[in-house]
Amino acid sequence: MRSERTGAFSDAVIAIAITVMVLELPKPDGPSWAALRADVPVLLAYVLSFVYLGIYWNNHHQMLAAVSRVSSSVLWANLHLLFWLTLVPFTTAWMSEQDFAAVPVAAYGIVLLMNALAYMLLQARLLHAQDGRSTLHRALGRDLKGRLSPFLYVAGILLTLVHPWLAIATYVVVAAIWLIPDARIERQLARDAEVPDASTTE
Amino acid sequence: MRSERTGAFSDAVIAIAITVMVLELPKPDGPSWAALRADVPVLLAYVLSFVYLGIYWNNHHQMLAAVSRVSSSVLWANLHLLFWLTLVPFTTAWMSEQDFAAVPVAAYGIVLLMNALAYMLLQARLLHAQDGRSTLHRALGRDLKGRLSPFLYVAGILLTLVHPWLAIATYVVVAAIWLIPDARIERQLARDAEVPDASTTE
Amino acid sequence: MRSERTGAFSDAVIAIAITVMVLELPKPDGPSWAALRADVPVLLAYVLSFVYLGIYWNNHHQMLAAVSRVSSSVLWANLHLLFWLTLVPFTTAWMSEQDFAAVPVAAYGIVLLMNALAYMLLQARLLHAQDGRSTLHRALGRDLKGRLSPFLYVAGILLTLVHPWLAIATYVVVAAIWLIPDARIERQLARDAEVPDASTTE
Amino acid sequence: MRSERTGAFSDAVIAIAITVMVLELPKPDGPSWAALRADVPVLLAYVLSFVYLGIYWNNHHQMLAAVSRVSSSVLWANLHLLFWLTLVPFTTAWMSEQDFAAVPVAAYGIVLLMNALAYMLLQARLLHAQDGRSTLHRALGRDLKGRLSPFLYVAGILLTLVHPWLAIATYVVVAAIWLIPDARIERQLARDAEVPDASTTE
């Protein structure tokens, strides 16, 4: 099976998950800047979740671009990731409605953690399906960011016991780390394009 | 007509049906784990419906991958399947709102049954359009799972008369049977790729 | 510009319009078949609108398949059609909420009429962009169904003055006429594929 | 990376943003033309936002058609544009709910302004990735419309201090200017197709 339709389906789910969050944004409760200001934390939560879904879309995009065929187990690993991505709007809305109380903020972090683990699982299934010297293999290398993030999410979740805003600060830090796009894959693709016989000479 | 746009449209409808269910998930009624716990049955109903829509997407994906052209009657058989798929969020929400009472659980099973029948109809239209020795024909073979499921759904629907959770257990069993992806088609595609002259020598 | 992305965007809008209607279906007000029965007219209105959007998707699909490039004016004619298609869920919900009273049923008919006119406009723009002996030209021929529908919609709208159900019966008749897919284009495409030099010898 | 999946994802987000607005249209509060008439300003606000999102889709479509590969920074510039596009339904709904009071109308204009700036940023990133004699470079030329719009939006925002309808009139004027599609790119694409060696002889 080719990877295009998997990419398209994932695009649709992520695009809708983003827009569902817009639907759930409470409209300011009056025609004044003060009413809008009361909405600012909720809007910032939207920005954070938008950035997270954007990061996943971006890296997903690049990962699938390095792959041409997908197996059944990859399809299911991908659906598993999409499942956790669809819960991002759910926890975003709960967290926003409950004024960023500790428990919903921890639940938000748990969903982020599950997304990270689901992404690692998908990556592992994709690597399994490729041969060891593939573009994807060489590009990922040691994958520091990927290995670090789950620990940071766990730290964030535990920090809700101290103060929820410490947890949110942690989530923002992880997003900032990932905002630096997965330049490894992009570089490797460019290198392969320049040296077409790379896979045989290396 | 080529099958790509039909696949893309089906992807969009299924992706949105999944995300509509997220929109309808009631947010926990307070900032506590207890409030989230009260939501667990509703979340599990979401998981079940997500898995069902995922199974349909997955098998639909593989079925269309074995086909290159679609006729008008295939387009309508596909729209008919999509119609029943869009009712999955509707019955999921009704069942969740009514605390898994017998009638909504039976209605949920009826929609699953109609989906199974609509899928069989689409498969039959696709086989009709292919010649008898096509990849799709040989791959489907006897199609035990496909023939068995409707009877299991009917059993589930009748079991609501005893207790709704027996019905839900039946639906979970059918999902589990199908979670094993349609390896037949995948194997046949791989076999055809290896023996390119299979269709002439067989 | 190639027509693929226009098709994909139209697919997305139509797919979402369909699913928006599911979101707006009121869930039955209790865990009984009687509660579901009270929802039946609303569900039938959903079926009718689903069939209409399906017909538009189906014919749109076939029309664009006969075209490879689109101009700016085609893009706008297409957006104009999509605008009226997005109002189908709006009038469906209004009509359902107001128990199929005369005025909302007339408004539903007006939106159907505008869709038909917008489709004719798009078709005219597409024909304008093709040369006179194109597949699309020969396929459409006299286009009886297309010319007849607007008059039937107007009849339906006027019939709301007598009784709203007469209007709805008229809309059902038009849908039935169109359910017979646009076999003309399909036949012509098949014919062109058989006689590859048709455009020069005719 | 190829630009197709970026186009498809953008299509999905814009398509959903449009349809989200339909979901938020308040259904007329009764079965009469008078009830519908009370909805007319809200419907006109929907038309305006639909036209704006249509313009962005249209120009986005043409801009990406002149480009074959996208870099990571282009992906993020595109996500940034999509972020502001998703806020169009939010400000449209707020403005409609508050009867077009000055502050929400100004907020609507600010989102339009941010969209215009985000679009310019994306265009700049795309031009940066192309070489100086590319189709896109020559097509855009001086880009008067693009340079003028932000000033008009600022004027509109300031005019809310006088009367909100003056601001809305300004937004309508900008939409009208842009409705004239980006004929420059289309012309240049046509010219390139005719003179295939244009990039070497110029």
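Letters are used for the chains, namely A, B, C and D, taken in the order the chains are written, and counting of residues starts over at 1 for each.
Basically, contacts are C-beta pairs under 8 Å (C-beta built on N, C-alpha and C of every residue); 3 or more make two chains touch, one makes a residue touch a chain.
In this text, all values refer to a predicted model and were calculated from it rather than measured experimentally.
Taken over every residue number at the interface, the positions common to chain A and chain B amount to under half, indicating a different-residue contact. Relative orientation of chain B with respect to chain C corresponds to a rotation of 90°, obtained by superposing CA atoms and rounded to a multiple of 5.
With centres taken as mean Cα positions, chain D sits 27 Å from chain A.
Counting partner chains per residue, chain A has residues 8, 12, 16, 23 touching two or more of them. Note for the complex: chain D touches chain C at residues 7-8, 11-12, 14-16, 18-19, 22-23, 25, 27-28, 30-33, 35-36, 47, 50, 54, 57-58, 61-62, 65, 179, 181-183, 186, 189. Those residues of chain B that touch chain C in the complex are listed here as 1-2, 5-6, 8-9, 12-13, 16-17, 20, 23-24, 71-73, 75-76, 79, 82-83, 86-87, 89-90, 93-94, 97-99, 101-104, 107.
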